[in-house]
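Here chain A shows up in two complexes: once beside chain B, once beside chain C.
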Partner chain A sequence: MDAMSSSAMLSEASSWSRALVKISPYTFSAVGIAISIGVSVLGAAWGIYITGSSLIGAAIKEPRITSKNLISVIFCEAVAIYGVIVAIILQTKLESVPQASIYAPESLRAGYAIFASGIIVGFANLVCGLCVGIIGSSCALSDAQNSTLFVKILVIEIFGSALGLFGVIVGIIMSAQASWPSKV
Partner chain B sequence: MWAASLAILYGFNHNLLPGSTNLSPYSTTLVSGFLAVISVNIVIVFYIFMAMREPADKHVPDPKFLAEAKASMKQSTGESQQPNKPIKKQD
Partner chain C sequence: MYGFEALTFNIHGGYLEAIVRGHRARLLTAADYNNLCQCETLEDIKMHLSATEYGPYLQNEPSPLHTTTIVEKCTLKLVDDYKHMLCQATEPLSTFLEYITYGHMIDNVVLIVTGTLHERDVQELLEKCHPLGMFDSIASLAVAQNMRELYRLVLVDTPLAPYFSDCITSEDLDDMNIEIMRNTLYKAYLEDFYKFCQKLGGATAEIMSDLLAFEADRRAVNITINSIGTELTRDDRKKLYSNFGLLYPYGHEELAVSEDIDQVRAVMEKYPPYQSIFAKLSFGESQMLDKAFNEEEVKRLCLAFDQQFHYAVFFAYMRLREQEVRNLMWISECVAQNQKSRVHDSVVFIF
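For the complex of A and B:
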């Protein structure tokens, strides 16, 4: 009875791991590319609407804040552009391999590298866009009250924007070594 | 804003830029990616520079809006003094 249940558990564990390994590396690559652009744009849009609504509201009373505080919107937009750049780089890394080597370790490694790169960039840009958006909203409101605060809050925004940059750097380095087996 | 970075990526991938033909795929990805990100940051710095240069006194709030806002503030402070009197009379 115990031997049967343990062997049943072993076969279940091996079937789960087999299922994961049998997912095509093309699937992983495609999902990575989709996440890199989709989730980055989600973060950028979230940041822009948080900042934009505060900026437009505060500009009713103090229109002078509009031109300087567009910098916050530009930082959020840059997050989306990072996602586009990495998605294009990952697309150029996609190659088709012969049927026989689709589950070769080299193919799996390339698929996982593209997937990981997409996830890294997507989620780093998501939180970066959110961070810059909330700080940009506070920046607009405090600039409307006291214009000397703007430059100090811009420093905080620059630190927040660097988070997305870290994700992009690691994602690009990760994707650079995604090489598929050669067609021989 | 994104045009420069996309142009750099396109140039590297289709060997349009001088010196881009001899790189391995690894180096091509790294160099094109980092140059594209740097170009985006250069454009951002340019926008920041232009924004900081704009004079702050160029924009003035709409005087009609300001007059209406002040009038509504005076009206609300005038109304808040009246409800106290009927309560005292009932005592």
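For the complex of A and C:
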């Protein structure tokens, strides 16, 4: 009864919304999990190479900067770890539902919640990794010329890495309420 | 897209940019120059320089030092830095780095041709050439009799070939022609470099436009001042000015008709960035003009390092190093000729 009334309501909508609704919630969930880990790692890698190339070049003339500036690389790496954690959490939220209720509103909601959570975490970590990477590169070059600047620029990096954390928090809250319809 | 270069610059240019900034941090400071200015002999200069980056290059020189040796070894350091960066660079940075040396190539060509005209030995001339501007067939420049042969025999294979289209004539080479040739080549080179930087876009284009515009304007003023009272006609003079820069086109019109220094000053004072340069000179004096221009150039080159993720830092570093070598040459000459009171006439402090 529920399924019939919902699909009757939707048949007046445009054909695109009908097409979107017919995509299985499992697809959305799986793509969300993939984006959460894939795009986070993209952001982390991007940030690490931006920092790393400047760090290596600057360390040739000033070898003392290497150990301190690895912190920038660690901040970028943390972004990838956030992505992995959220991906693992999301995949534990995936459940099988009986054939009849795959397109039930509850199932669709759960699928969309996991998808959104994945996108939130993935793209927040992408920009966070980029931000920390660019700041880390400038930090290495400034530290090589004037060692008193390092701690000040580190504060900027800490604020930058908070962006990824915001994404993780919201993503976990989104996925916490992804509940599939119970098997009846 | 301007503003987003930080995302992709470091893929190819990050390592070299960090290296060039490391080199820049090792340029001589005002304290070093003060120490050097107080030296009594060239041996003292060598001792002071041994604590700087020039140490390894000067330490094996035998005892009666000459100023030319000091200058030669210091230039060698610049060449080594440049070659290290060039072999690590990929396109388009490698083309950019090569463009920086074309000015020296032009100077070398003119040096050899002038020297041959005055019956000097080719080997002696080759030793005086700037090492950054050497190319393979440079020795055969001594054979050419006029410009067409010069082009056909030697220069068509070099990167300078496209700059010759404006100045191939069949006249025999003499002093006047050679100076005109030098300035025509340099004009074509600056315009080509400017177009290349515009094509690169982003921060490189913006910063290099400013630096090259200053170079073009400086050369226009120098050409004007040097050709006052010679047989160079006004039209010929105007043809030697580059067509970009702050002075283009109205300033060039006025400079072309200037007949003495005060008229040049009147023209330049209409442009606020150059007003401060000419304000330092009192009326009728032109010896300090070079130093004033050098100071302004050094100020702009140092500003290029304030922004990250662009290629202009390489150009700025090469120019600052050259200025430093010029400073060292002036200091060494003053010390060797016992004229230390004139040392500060031409030394430009970088930091």
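General remarks:
Note that the second predicted complex is superposed on the first by the 171 of 184 C-alpha atoms of A that agree within 3 Å, B and C clash if a C-alpha of one lies under 4 Å from a C-alpha of the other, contacts with A are read in each partner's own complex, and residues count from 1 in each chain.
Convention: a contact is a pair of C-beta atoms (placed from the backbone, for glycine too) under 8 Å apart; a residue touches a chain by one contact, two chains touch by 3 or more.
All values reported here derive from a predicted model rather than from experimental measurement.
Following the overlay on chain A, a clash is recorded for the pair chain B and chain C.
Look at A:A140: by the touch rule set out above, it reaches chain C but stays clear of chain B. Of the two partner chains placed around the shared chain by superposition, neither chain B nor chain C is touched by A:P98. Legend: residue contacts after superposition of the two complexes on their common chain; A:E77 is shown touching chain B, with no touch to chain C.
If you count the residues of chain A touched by chain B and by chain C, you find the higher number for B. In the overlay built on the shared chain, the residue A:I88 is in contact with chain B alone; chain C does not reach it. In the superposition on chain A, A:I50 makes contact with chain C only, not with chain B. In the superposed model, A:L130 makes contact with chain C only, not with chain B.
Within the superposed three-chain model, A:R64 lies in touch with chain B and out of touch with chain C [touch as defined at top]. On chain A, the patch touched by chain B and the patch touched by chain C overlap at residues 60-62.
Chain contact summary for the complex, chain A toward chain C: residues 46, 49-50, 53-58, 60-62, 130, 134, 137-138, 140-141, 144-145. The residues of chain A lying in touch with chain B in their complex are 60-64, 66-68, 70-71, 74-75, 77-78, 81-82, 84-86, 88-89, 92-93, 147, 165, 168-169, 172-173, 175-177, 179. Residues of chain B touching chain A in their complex: 1-2, 5-6, 9, 13, 25-27, 29-30, 32-34, 36-37, 40-41, 44, 47-48, 51-52, 54, 56-61, 65. Contact residues on chain C toward chain A in their complex (touch as defined above): 6-7, 10-11, 14-19, 21-23, 25-26, 308.
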